[in-house]
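One structure, as structure tokens, below. Some questions next.
Per-chain residue numbering starts at 1, and chain names A, B, C and D are given in the order in which the chains are listed.
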Amino acid sequence: MPDVIEKLVATFLRFPGIGPRQARRFVYHLLTQNSGAVENLAKDLLALKKQIGQCQSCYRFFAATEASAQSVCDLCQDPARDSGFLMIVEKDADLEAVRKSSEYQGRFFVLGGLLPILEAEPEKKIRLRELQTRLKASPGQLKEIILALAANVEGDNTADYLQKFLAPAGLKISVLGRGLSTGTELEYSDAATLKNALKNRS
Amino acid sequence: MPDVIEKLVATFLRFPGIGPRQARRFVYHLLTQNSGAVENLAKDLLALKKQIGQCQSCYRFFAATEASAQSVCDLCQDPARDSGFLMIVEKDADLEAVRKSSEYQGRFFVLGGLLPILEAEPEKKIRLRELQTRLKASPGQLKEIILALAANVEGDNTADYLQKFLAPAGLKISVLGRGLSTGTELEYSDAATLKNALKNRS
Amino acid sequence: MPDVIEKLVATFLRFPGIGPRQARRFVYHLLTQNSGAVENLAKDLLALKKQIGQCQSCYRFFAATEASAQSVCDLCQDPARDSGFLMIVEKDADLEAVRKSSEYQGRFFVLGGLLPILEAEPEKKIRLRELQTRLKASPGQLKEIILALAANVEGDNTADYLQKFLAPAGLKISVLGRGLSTGTELEYSDAATLKNALKNRS
Amino acid sequence: MPDVIEKLVATFLRFPGIGPRQARRFVYHLLTQNSGAVENLAKDLLALKKQIGQCQSCYRFFAATEASAQSVCDLCQDPARDSGFLMIVEKDADLEAVRKSSEYQGRFFVLGGLLPILEAEPEKKIRLRELQTRLKASPGQLKEIILALAANVEGDNTADYLQKFLAPAGLKISVLGRGLSTGTELEYSDAATLKNALKNRS
């Protein structure tokens, strides 16, 4: 097989959830497209890294307007958002899910990952220094840090780590409530979920 | 195929989650067992309906001791359980899950099902009369009814129906708290789950 | 949980493809059935081992008529079947699949299993002695033995073993043809399948 | 969300087997890559349509050397391949699977699709005119046309159609043999597969 096909297969193989067979199907799919469509995809890819910046305050990706070459995103600049709350999420997709729920009106911080159990170098896995810088940037304003991490082993481990890491700041730190999530049946729920569902009954 | 095989296939087909192919594999499995094993299964099945009674107070299945031919189960008779709380669950498996979580020390009531949306005859789907009888049986004791139903459309519909059905009793009625259940990732959570997780943060 | 429930859960756990959760659901399913239905199941189970015999010639299960207490099944006795062909299958379900295809009119022999690679005691896994007895029972009649085993590693290993095991008999031995089976796409076919599909083109 | 992200999500949505959630994950994946990696992907995409041509004889995709700007692929030009055989496949991936099996040394023709039942305009779905042109291009050489199509309803329908379409040419036309494909168990095989496996036994 020609080099360029193998190179593209290798690239698509690194896409999340893609195996060798599907990576190759992607390349055949592109081959059957007309040249214009593939050129447009190439153009959009080049535009992606130019038009989308990473906010230097919350580290989410956002559309940077070229004129200002701004380094801070619209959410971080939005005066309507309550700077008294900082929600720490793992990744952009989590942040977007919270935004869609339309309930939270505070600020965000994207951690960039979760900590595996016994991680030796946490600062290489998640944005700890950036988080400290972020906290120092808004002295006195912050009332509560909300740890909004996945309800699994790595999420809990990260929350534990952050509780200790953030303790010196003396701020209120909360974690998202556990309970029955939509679609859950009691029969298949673990004890922790049921205990919290009972505690949080209303 | 011989009649008895087809009859057993038909019976196994009514087992939850079993299709024709697996029903037939069950029969072949039994054929390869020795006679003693199959006779023991038959004996256990006959014992099941004799040894297991249905509690006439909470409607869960329980091991009835032959001497007393009791009609009320050990949980309903246990003086250590708090008669101030009555948790309404859909089925025995849900009740067992709650018991395993070791948090709840009140009484139970097994509803026997959930109500589909627009169900015309709710009293044929769930134990409404039995529930009323149960409530009348403990006047003055009850402080709270906890609706512990699945976090899905039918569970919510049943909870709504029961709220209205139980309103005349003037008791406090609560539902299990929603939130992130163990294993849930924010990215894949719906707005209702995230709102409740935020509200129930701690 | 009562003993009889746990015993039944343990029994259902040995059913093919059944895990602990589903085994327990089976028991709850039976508890919600009326007594008559469960008694009928117990009766059918007892009838199964009485009414279904194992043919002492081909080792398939069959409905034994009580009068004769016959030991040889209808297929083995059927004069319309061609005793010149003996098809060796792994199990009853395979034999039934071949019968349904209505193509084969010879005799059968049920091996009772397949041989794992490097199996030390083949005679404990498959009916080798019974097969030898079967071959001696019809001297001179047999023209061809057809190995109709699964097209996988264990099936191939068993076929290889039987080829050597049966070689002294000096009979023609064939194996089922490989090729594209219904539903197969070329893209996902392995080299062996494609080679045979090409060889067997028509 | 910024336009360029939504445009890329829409493009990835058209990739085979990709839903909205995974399309978006692809874009986030690209955002976390460094600029060089994304630029390389864009470059490879542009190279793809330039370096890969579509053979004007067999219609497979192939690496065109720039100097010659050749229009016929290496397989079609390879003198070691037997021009007496033409295998008709649905798509490039099928052709590659056959090549990997190392059995077939004839020529290929890529049909570009399969015909649904009752397709009104077959010439718009598969390369019928191109096939006729291909046949006229090698008068006298061809001994056999091998229809190597999927063993499913559309594959069979296409084979039936091509048999009639190619009949006037008076050439031998064969289809790939059916039988047990690697991994198949008899119990789960349909009658057509078993009949052919029996017919093609060896």
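Here is the rule we use: contacts are C-beta pairs under 8 Å (C-beta built on N, C-alpha and C of every residue); 3 or more make two chains touch, one makes a residue touch a chain.
Nothing here was measured: the structure is a model prediction, and the numbers come from that model.
Visitor: Under the touch criterion given at the top, what is the topological distance in steps from chain C to chain D?
Guide: Graph distance in the chain contact network comes out at 1.
Visitor: For chain A versus chain B, which are copies of one sequence, does the interface use mostly the same residue numbers on each side, meaning over half shared, or is it different?
Guide: same
Visitor: Among all other chains, pick the one whose mean CA position is farthest from the mean CA position of chain D.
Guide: Result for max centroid distance from chain D is chain B.
Visitor: Between chain B and chain C, what is the separation of their C-alpha centroids in Å?
Guide: Roughly 40 Å, centre to centre.
Visitor: When the C-alpha atoms of chain B and chain D are each averaged to a single point, how far apart are the two points in Å?
Guide: Measuring from centre to centre gives 54 Å for this pair.
Visitor: Note the residues in chain C that touch 2 or more other chains, in rising order.
Guide: 91, 93, 96, 188
Visitor: Taking the touch rule as given, give the residues of chain A at its contact with chain D in the complex, in rising order.
Guide: 1-5, 7-8, 11, 14-17, 22, 24-31, 35, 38-49, 51-52, 54, 61-63, 91-93, 96
Visitor: Write out the stretch or stretches of chain C touching chain D in their complex.
Guide: For chain C paired with chain D, touching residues are 89-91, 93-94, 96-98, 100-104, 146, 148-152, 174-202.
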